[in-house]
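Next come two complexes, and both contain chain A; in the first it sits with chain B, in the second with chain C.
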Partner chain A sequence: MNETAWQHALLDAITTPQWQPDPRFDAAALAVYRNNYRVGLMEMLALVYPICRQLLGDEFFEALSREYVKATPSASGNLHRYGEGFAGFVAAFEHTAHIGYLPDVAQLEWALHRGYYAADATPLAIDTLAAIPQQHWGALCFHCQPACHVLDSQWPLASIHAHHQPATAGCAVNLHEAQPLLLWRDSDDLMQLLPLAPGQAAFCQALLGGTTLDEASAAGLAASPEFDLQAALLLVLQHGVLSAIKEPS
Partner chain B sequence: MSATSKTLLVSALSAAIAMAAVSAPAAAADKEKCYGIAMAGKNDCAANGHSCAGQSKVDKDGTEWKFVAKGSCTKMNGTLEPMKK
Partner chain C sequence: MTATLPLSAGIGLRHPHYRQVLAQQPPLGWIELHSENFFDGGQPLAMLQQLAARYPLSLHGVGLGLGAAARPDATHLAALRRLLDAVPAVAVSEHLSFNHDASQRFANDLLPLPYTRAMLEVVAANVAEAQDVLGRPLLIENLSSYLAYPGNDMHEGEFLAGLVARTGCGILLDVNNLYVNQQNLGTDVDAFLAALPADAIGEIHLAGYTERSFDDGSRLLVDTHSRPVYPAVWQLYRQIIACFGVRPTLIEWDIDIPPLDTLLAEAATAQAILDQHTGAAA
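For the complex of A and B:
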C-alpha cells in the first residue's frame, strides 16, 4: 500500500461515523483522532444552532448532536457547511419529534448561518427600476440577494427567536401564531428577520425562485385575499432582496 | 394576468418606488469584509488554550438515550405538547 492510499484510509477511518477495527491502525491512537473530529463537529452544531441548544438544554443538545454526528458524515471540507440536515434529523428523531416547532427553528438557524456567509450582491438601485417603462414591469425577473431566504412556517419563529436573544430574552411566545419570515443581510452584514403579512411569503418565495413580477403578484394574491402588493414591493425594495434585473433569455 | 392586476402592479410599484427612494438600503460597497473570522470562535481551533477542540473534551459513546430536555422549551408557554393545527 503506498503512502497516499494509506493516508486516505486513515482519513476515512477518522471521519467515518461507524468504524470497524482495522489492523492497519492502532485502535487507541485512532480513537484520539476520531474523538477530536467528532467533538469538533458537535461543537460546530452548538455554534450553528444556539437556539435549539437553549430550547433543549446543554445536556440534551450534546446528546442529540452526538446522535446526529454518528449518523451524518461531513460532506464538505468546510466546517461551515456541516449540519444542514439537522432540521430533518430532529423532526424524525424519536426524542425530539414531539417538539413541533423545533425543525422550523433549526431551519431558521441554518438559514441565518448560511445567509451570513452567502456571497455579496449589490441591492438593485431604485433608479434602475424607475427607468424601465411601466408596461414592462410585470415581465421583469430578478437576481436576488443570495443571503435572502423565506421560511413559510406555521410557528411563531420571530417570537421564538426574540425569546432567545439577550435584549429580548424571555419575551412572550404565542405558539398558536404563525410567523412566516423573510431573512436578509443588512448593510452592516448582519442577518435580519421580519415576520411576513398574509401572501407575502408566497410573493417573496416566487420572486426568489425567479418568477416574473406578474407571477409573483399572482402567487401573493392566490395565497391570501388580504395580500397587499404595494407593501410587499416596498418590503423587498427596502431590504435589498432584489439585486439585479435578469435579462430575458 | 388580467388587465386589472396589471394596473394594480403599475400603481403599487410606482408607489413603492417613490417610498423606497427615501429609505433604500445602503450599498455596503465601502465595507471591507473579513471572511471566516467574523463569527466568534467558529474557525478557531485553538480556543480555550487547547491546541485542538477535542483535547478539551473526551466524547463518550452514549449507547443508551436517557436525556431529558431541560431548556427553555419547558418554560416557553410551559408546553412541549404538539399544537393542534
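For the complex of A and C:
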C-alpha cells in the first residue's frame, strides 16, 4: 500500500539525524516534526537523568543528549520508556568514557525512574512467613516488589546521589568506597536507596532473580563469609522487597 | 452520545497542579489527564485514583498511534487496559494520528495519516482492536497537521465519520486543531463539520497555538498548547456549540503552564458559552 510507504518515509525523514530535502514533504512542516521529535526525547532524558546533568553541566548534557537521540531511535509510544540505553552510551562515548562513575550513576537514575512508575505490590507480611514451619523456608521462592532493584557498583552511588539531593547537597563523597545498592519504594511511594554489604547485595540480587531462599543464602555466603542470613532476611522484609510467596510450580 | 462526561467545562490537569487541585478542590465539571503518565503504578497512579474519586475523569492517550498502517503496540494497549482496570475513567480518548511503523520504530508525536479508503479500513481495524482490548469505545480526536498525504481521496471529517460507522467509536472534536489546519493547510472547516455525525461527538478540546515564521517567509501555526485560546478559536467554538449543541469541553495547556487560576478562568469562559446554549440544544 502506498500509504504504508509514505508513513515509512515520513518516519525516516523525521528521525534521520542528517536531513536531506525531500520533495515529498514540505520543509517547514518537516522542521516542526523533526524539532518535536528531538526536543521531546531530549527533555525526557533531562527529566530521567538530573544527576548526570548536574555532573556534566547543562550545556554538555544537552550536547550529549543530542548525540544519544541521534544514535537511539525511540522504541515505544510511551515516552517514559525512552533512555534505557543511556548508561551504556555514556560508557562508550569518547567524551565521557573517562568519567568512571557516570555510567553507574546513569544506571541508578534509570532504576529510580522505572521504580517510581513500577507496578504496585503489597509487601509480604512477616506473619505470612512465620506461619510456615521454618524448616521449609529454604525451599521458598518469592515474588518481589517490581520497583526493587540491586545495583552492584564499585562506586559510592549512595553518596553521589545524596550529594545531589537538596536536603543533603554537598555531602562528602569518597570515590574509593564501593557501595552496592538496594533500591525500593517505601510506603509513601517514594524511591529509597540503601548501601548494602557485598553478601547482602548478592543475596538480594539472587532473590530478585527468583532463586530459593537457600540458593540466595548460598550466593550471599559466596560473596562474603560475614554474610548473616537472619539480618539479610529481616532487611528485605522491613523494606518490602518481598511481596508474596511463590506457589510451587 | 458515546461518552458520559458532564456537559460542562473541564481542564487538562498537568503535573504542576495535581496537589493544588486535590487540596483546594476547585469547582470543575471534570478533568482530563494523559494516560501514559500513569502506566503501571506507584505515586502517579495513587494520585490519579485520588483525583478520580473527586472529579469525573477523562483519560487522553498520546501514544497508541491508531492511524498507523501497522497494528497498535500490544504492550501499550495492555498497559492502558491495566490503567482502566485500576481507575474509573468516564471517557477514554486517542488521536487520529500515527507514531510508528511495523518495525516498532516510533516518533513520539502525533503524525498525520493518509485519508484514503484503503487507510480507513486499516485504521478502523486498529480502532476496533483497541476497543476490544480496552472493552469500551474510544473517542478519536481530529489532528493538527502541518502536511498532508498527496493522494488523499477524502478529508479528515469524512475519515472520522467512516471510523464512527465502522467501529462505533466517538469523536473528540479539537476546535484549535481544526482552526490550525484551516490556517496551515486550507482545510475547509464547513465541509469538515458537515461530515461529522453530531451524535458521535462526545467531547470538545480548546487550546492555544503558537505562530512560527520560517526563513523562506512562510508561517505555520503550531499546536503548542502553550497559550490562551485565541479569539478566532472561541468564535469557531461558539458556532460549533450553536450547531451541534452543548458538549463536554476541555481547556488544554501543556507547555509554559500558567497558574491554576488562569486555567480555571479559561474553563469559566467555555462554561459561560455552554450555559448560553443549555436547554436550547438537542
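Before moving on, here are some points about what is shown:
FYI, the second predicted complex is superposed on the first by the 231 of 249 C-alpha atoms of A that agree within 3 Å, B and C clash if a C-alpha of one lies under 4 Å from a C-alpha of the other, contacts with A are read in each partner's own complex, and residues count from 1 in each chain.
Definition applied: a residue touches a chain if its C-beta (ideal position, glycine included) is under 8 Å from a C-beta of that chain, and two chains touch if they have at least 3 such contacts.
All values reported here derive from a predicted model rather than from experimental measurement.
Contact with neither chain B nor chain C is seen for A:His161 once the two complexes are overlaid on the shared chain.
In the superposition on chain A, contact of A:Asp26 is made with chain C only, not with chain B.
In the overlay built on the shared chain, the residue A:Asp189 is in contact with chain B and with chain C. Shared-chain residue A:Asn36: touches chain B and chain C both.
Once the two complexes are overlaid on the shared chain, A:Trp6 sits against chain C while remaining clear of chain B.
After overlaying the two complexes on the shared chain, residue contacts for A:Ala119 are found with chain C alone; chain B is out of touch. Of the two partner chains placed by the overlay, only chain B lies in contact with A:Leu229; chain C stays clear of it.
Of the two partner chains placed around the shared chain by superposition, neither chain B nor chain C is touched by A:His149.
Overlap of the chain B and chain C interfaces on chain A: residues 32, 36-37, 40, 79-80, 116-117, 120, 188-189. Contact residues of chain A toward chain B in the complex are 32, 35-40, 42-44, 47, 53-61, 63-64, 66-67, 79-80, 94-96, 98-100, 102, 116-117, 120, 122-123, 125-126, 129-130, 134-135, 137-138, 154, 160, 163-164, 173-176, 186-189, 213-214, 217-218, 221, 229-230, 233-234, 237-240. Chain C meets chain A in the complex at residues 36-37, 39-46, 62-65, 68-70, 73, 75-76, 79, 98-101, 104-109, 111, 113-114, 116, 118-119, 122, 146-147, 149-151, 212, 214, 216, 218, 220, 222.
Those residues of chain B that touch chain A in the complex are listed here as 1, 5-6, 8-17, 19-21, 23-29, 31, 33, 35, 38-39, 41-43, 45, 52-59, 62, 65, 67-73, 76-77, 79-83, 85.
Across the complex, chain C is touched by residues 1-4, 6-8, 10-11, 14-15, 24-33, 36-37, 40-41, 73-80, 82, 115-120, 146-147, 185, 188-190 of chain A.
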